[in-house]
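Two complexes follow with chain A in common, the first pairing it with chain B and the second with chain C.
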Partner chain A sequence: MSKPPFVDKVDVEARRKAIQAFRERFKALLEQLQRGENPTLILPKRTLANTIYDEKRKLLLLGPEKLRRSLFNLHEAKKFMQTMLMAKIIYEALVNNEYPTIRDLYYRGKHTIVFVDDKGRRREENTWDEQKESDAVLRDIEVFTGMLREEMLILSKEKGKVVGNMRIRSGNDVIDLSKMGHGAWAIEPTPDLIEFIDVDADFVLVVEKDAVFQQLHRYGFWRRYRAILVTSAGQPDRATRRFVRRLNEELGLPVYVLTDADPYGWYIYSVFKIGSITLSYESERLATPKAKFLGVSMTDIFGDPETGKKPYLSEAERKRFIIKAKDADIKRAEELYNYKWFQTRKWRKEIEIFLQKKSKLEIEAVASKGLKFLADKYIPEKIETGDFID
Partner chain B sequence: MIVETDPKDKSICTVTVEDNGIGIPPQKMAEALGKPLVTSKFKIKQSRGQFGLGAKAVTVYALSTTGSPVEAYSSPIDSTRMYYVKFSIDLSSNEPAIYALGSWKLDLDWHGTRIRARIRCNWPYIRSRVLKYFKMLAIVTPYADILFIDPDGKIHHYPRIVDEMPRPPKEVKPHPASIEKGELQMMLKQTTAPTIKDFLITTFQRVGEKSAMNVLRKAGIDPNKNPKQLTDEEVERLYRALRSYRFPAPSAEALAPIGAKLIEEGLRAILKPEFVTAVTRKPRMHSGGHPFIVEVGIAYGGAIEPTETPQLLRYANRIPLIYDEKSDVAWKVVEEFNWQNYGVKFPAPLVVLTHICSTKIPWKVGSKEAVAEKEEIKEELHLALQEAARRLRRYLQEKRKEEEIREKISTFLRYIPEVADSIATILGGNGVSVEEVQKLLINALRRRVQGKELKILEEQVKNLSKIKIE
Partner chain C sequence: MSKPPFVDKVDVEARRKAIQAFRERFKALLEQLQRGENPTLILPKRTLANTIYDEKRKLLLLGPEKLRRSLFNLHEAKKFMQTMLMAKIIYEALVNNEYPTIRDLYYRGKHTIVFVDDKGRRREENTWDEQKESDAVLRDIEVFTGMLREEMLILSKEKGKVVGNMRIRSGNDVIDLSKMGHGAWAIEPTPDLIEFIDVDADFVLVVEKDAVFQQLHRYGFWRRYRAILVTSAGQPDRATRRFVRRLNEELGLPVYVLTDADPYGWYIYSVFKIGSITLSYESERLATPKAKFLGVSMTDIFGDPETGKKPYLSEAERKRFIIKAKDADIKRAEELYNYKWFQTRKWRKEIEIFLQKKSKLEIEAVASKGLKFLADKYIPEKIETGDFID
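Right after this comes the complex of A and B.
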């Protein structure tokens, strides 16, 4: 007796929709050919110049500029072929009930075209050489089909984790996020397929650093303060962002982000909040416009004479914990200063203090002052008093 | 031509040269071959490059290296007999010294001349130069069939490629502005003209009634004076007047350029290049009154090996110049030439041929291996090279353009199988096959190209089935 094949109902539906989308787009392509036209894909441009900050919705969005990619145009031919190849591989994976990773897609499509040139010489060309190339056409396929990779059941290595008083359904299993022991639940690569069953929490705390997440988890922070605790472990991946967005949008939980006090920490926050430049076409689904920057802020370190805010660190502690900013940090801060979405009064003050003091600080430094200080004073007090940047 | 080394003395070779020319009349044989210094007849023509056998020089060389006489066989074109003479040169009297004479009836239908000489020669040492000489010779004589068997027994054969012969140089009278004073004195002594005016008109080209009178008035000489009775002062004045008077440019009929067409044929046949062109310039004068013509040929690519500098083939009056290359005016011109402007990047498979023909080649030194840097010649060489190089540039540009088209079409075609497969896979089941999509793709491409691109597309489409995906 062979077991009946395992069927994930949610996935089956996702596959059906994705296959449909591919067939529709390709039908249009075939019609171009039947009219004798140069096969052409019209794609939104994924460039900084075509990235627009929507002030009203507070989102980074793809602009209106379109790119025509034709097979019979020397400069676009290879990209066109690569896009077609990527479409085929994804399509085949969908049909065959597979879950390829982006690395899988790279390997499946990487092969050699062998041809004979008109001097009779045997020549070779690889469809692509580096994963950078296949990743780029995957993003093109996403805008071409209007589907995110998750919707096409493509997995990427996700590093986001979550714990908290909450039960969810992932696949056919119910998972209780409050019973993960010392570990945490790794946010699945297709967070849209998660079903929220019930939740008992007041807010979401997103921590940039995995180590600080673990300290807070062990300390029992989320239980004591009724929080859902999430870490992106560095630059947030898509699944973590989508998961946080759903917590905010569907469960109405406020989201606070805790990062290092430096330009990289600020950018991580902005990716959560408004989206990233490379993936601006997905901001509408991935960004959490209501996310708030809890810290660590420059005024936490140095205080703010304007508002009378006292610093959390003493003169001696500042001397111990502060790291001198490097040239790259200064340069990055100046870039951020010019981004539209950092041009609010509070952010300008943050960046100006940073540029003036040329100092940065890691969250671990605040934890070093005492985990108790971080968990029982710093975080709750800042939330309580509304001492964050929106 | 056959060269054999002496089995007893490897430094001695027997050289046998044979042609199928008109032969030499028996009574003239020894004189024609053996008299090294023939007096001038006061007529000039391009004297080298008519391809006699070079027998006089060989006779002297044989005499001075091995002391052996030279043997000659000849059968004139209208004769049925073969004539034989064994001779050398009596250097004291400058007359041929005859050792043996003979003649016999010839059964073969053959005419021409064969000469055999024993000379000292270090074959391994000069081998590459001799081979280069033959190769160069073959390039400028595509109308000749050349066979050379070298002392190693190797046969070098350059078959005839064209049937046309170039025009031989005509004998013309000297140009008055080019004459040397000593020559003028000789001419005055030997002339039969009754008056000095007649002398000028009959002896020189480009001198008529009017210019003769003008020159003589300038020189202050009575036009009716007997030319043999001119005083030394009068000769000097006449010489100066001839030099300074502006006569029309000399006739170029005495010159025998090879001709652009023959140069191209020769270069193409011997070097097997992918591109060849040649330029024959108009005649000009150097050093006052010597007409000359410059010719330049360029051969590029094909079987030519790339080198760091252009490979130069120099000729003067059709004779290959082998030695002393770097002191030749042609070397200077080729070296100073800005090849980059003409799309040539070294190392390049480039051969440059230069030919200077003149009634008087301005040799750098007596050995007649390098042409001196006369401004007029240098200028003509440069202009000829420029013209030829412009054609090369045009060719290279077109070639590059065509290569770009080929690469472009090839790029499109090589992606078609992959794209067709993708479309057919996704739309499979709707009666869409890979072959069909492939056909549609090729048709769509076909509609977007024309002319040369279309031609290349049709050529390359044939290779489509050879595209493999591994």
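Right after this comes the complex of A and C.
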């Protein structure tokens, strides 16, 4: 029942590059060993203290601090060996045409080492116990090699989707993203391997909620307003973030993000824009510093006496649609208020209104005023009049 | 910046049909009113007591019990009016070319009715407070009209994806599901509107986990083994279930489901196969009674002395990969053991081994033995030798 293996030229080339990068990057260790030295890795520290917000580039980045990991050092030996084990597993997967996931990297490396200690006692030590341990080691490999795990052909689950007037090449196929019918193209887990062929659009609209994406897509929003429509289906995964960044950087398309009006929505926006703290070392390639927060904003709900902006909701609609903020929402808002990247005039106003009104609103409430209202008035009007937060 | 509205012929026709069905179904009420009678809805009871497992058809179905809802009956009036309100909102959305989601149906209907009671007091009553109330009313409308909400062009978020050698028509587009590159086609929220054009495949493989779907897709599994590859990305949504059912029923393709070896995985399989208790009224169209549980099974892990089956895992691999079952897993397994549709010889054995060994296993553990092992040995061998549970 089987056919010969399928050859994906893009992946063959990606493997070749990753293997080469691995060999070059780890060569220094071999040389240390040949010289009889204690093999030592030096890599940037991925700690909160070494995470810096670059105000000019508007990105979370790793600072200058480095850490050392040597084999012949009691405190560093385990971490050193974990790093070598992970590097070996990834390298073997690359040469064996495998596509591991982060979960199976954990399983592949998980075993118990039996040894005799200096007092002659038989002892056991696990390579790692939990996936969060192996994930941290994988991040070290990313930082050390300067490659994203996706470039090592490590796959993961993906939630992002896209439709719009553009053609891309993925694997061996040319895909027309304007011909997805009522469905969408599920973004591939290795978005750096996508080739943009041509595009005929004016901007990118990223929608937090998949259901709202479905509505706007079905309504033909992206055709009418020349948009590339993307959904992250909640908190964005890496592939969606990288894809959006590439649309912005390489195609020069402005990116607008549409979320619920609550601290969770603001955080989703900030992950797209400046990166997440855990993955700050990757903001450089995953974040889109020019992404704009289109809404739903507090001034959309309540208006803004300062600028004379009228609210999009009537008093009666506010009464129907507004959800009372929970304590957790308020706590989260207070945290965000203190983040450097939320300390702009517009964001402070946004968060202050939220804290004062203790009110949040879902994007579905706006859609319930009619899809025409959402698609033909709210979104295009806000873009045209520049009513967004940068 | 805008273009004229886009016309989707498939949706135009779907709207026409749904509007017609609505008018026909609700006509009886109008006639009751014209005759001066108390308007009354009669619809099947959606209660657990009226949910029946049909052993012959292997489906969860609604039983024969009906309920009445009249306007002029103190206990039934609110439910009657909620049903009418929901019907009105859906009907208006249909004629206004809207695509509501269940969340915005909730918002559209949510308001406060102010009235004066029989003692002259001013009182307030909300149409509904929580979405679960409006969702239940929507289910009543589905049961009453005999239409799935998808046929009323009500959208929802979707997680399902598919790739394989087949061409379909969705909306105005012909889509070749073998040309999705490294991505996939995200299944549309209204899968009854998909037209199957042609297919060249021998079976459907449904994978619980999106990450494993990505691996098998990238490895070219569906090309080599002539499969249609689907993922539900966890608990399946309605669209994925309906899509899989149509592949089975209309194209005659056998369906195999691959999940983790644990009660959660078994439950996912059973939702595909016989339906869920909440949505039993829809099993008739959403369930795939012929779906087979391919694995990972307890006998794959431990072997089966009774049949002489050898395990796929060595003793050492079991030690590395097995996860100890939690109390919640065991409780869930005991519940499933009592469900009628798990009372077959093979399922009893499966659950008994689980309860005895208190062990579960993720599909990623099998993948960590090598994608070649998973794709070229484990899956095809089990299908070829009929090593699955029906």
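Here, the second predicted complex is superposed on the first by the 362 of 390 C-alpha atoms of A that agree within 3 Å, B and C clash if a C-alpha of one lies under 4 Å from a C-alpha of the other, contacts with A are read in each partner's own complex, and residues count from 1 in each chain.
Following the convention adopted for this analysis, a residue touches a chain if its C-beta (ideal position, glycine included) is under 8 Å from a C-beta of that chain, and two chains touch if they have at least 3 such contacts.
Remember, predicted model here, so these are calculated numbers, not experimental data.
Trainee: More chain A residues touched by chain B or by chain C?
Mentor: The partner that reaches more residues of chain A in the superposed model: C.
Trainee: With the two complexes superposed on chain A, say which partner A:111 touches: chain B (first), chain C (second), both, or neither.
Mentor: In the superposition, A:111 contacts both chain B and chain C.
Trainee: Is A:149 touching anything from chain B or chain C once the two structures are fitted on A? First, second, both or neither.
Mentor: Neither chain B nor chain C is touched by A:149.
Trainee: In the superposed arrangement, does A:125 touch chain B (first), chain C (second), both or neither?
Mentor: first
Trainee: Considering only touches as defined above, state whether A:38 meets chain B (first), chain C (second), both or neither.
Mentor: After superposing on A, A:38 lies in contact with chain B but is clear of chain C.
Trainee: May I ask you to decide whether A:77 touches chain B, chain C, both, or neither, giving the answer as first, second, both or neither?
Mentor: Only chain B; A:77 stays clear of chain C.
Trainee: Go through chain A and flag every residue that touches chain B in one model and chain C in the other.
Mentor: 111-112
Trainee: Which residues of chain A touch chain B in their complex?
Mentor: Residues of chain A touching chain B: 22-23, 26-27, 29-30, 33-34, 36-39, 71-72, 74, 77-78, 80-81, 84-85, 87-88, 91-92, 111-118, 125, 127.
Trainee: Where on chain B does chain A make contact in their complex?
Mentor: Within the complex, chain B contacts chain A at residues 406, 408, 410-415, 417-419, 421-423, 425-427, 432, 437, 440-441, 443-445, 447-448, 456, 459-460, 463, 466-470.
Trainee: Give every residue of chain C touching chain A within the complex, in rising order.
Mentor: Within the complex, chain C contacts chain A at residues 1-6, 8, 10-11, 96, 98-101, 103-108, 110-112, 153, 155-159, 161, 168-175, 179-190, 193-194, 202, 209-212, 214-215, 218-220, 223-226, 233, 319-321, 362, 364-365, 367-368, 370-372, 376, 380, 384.
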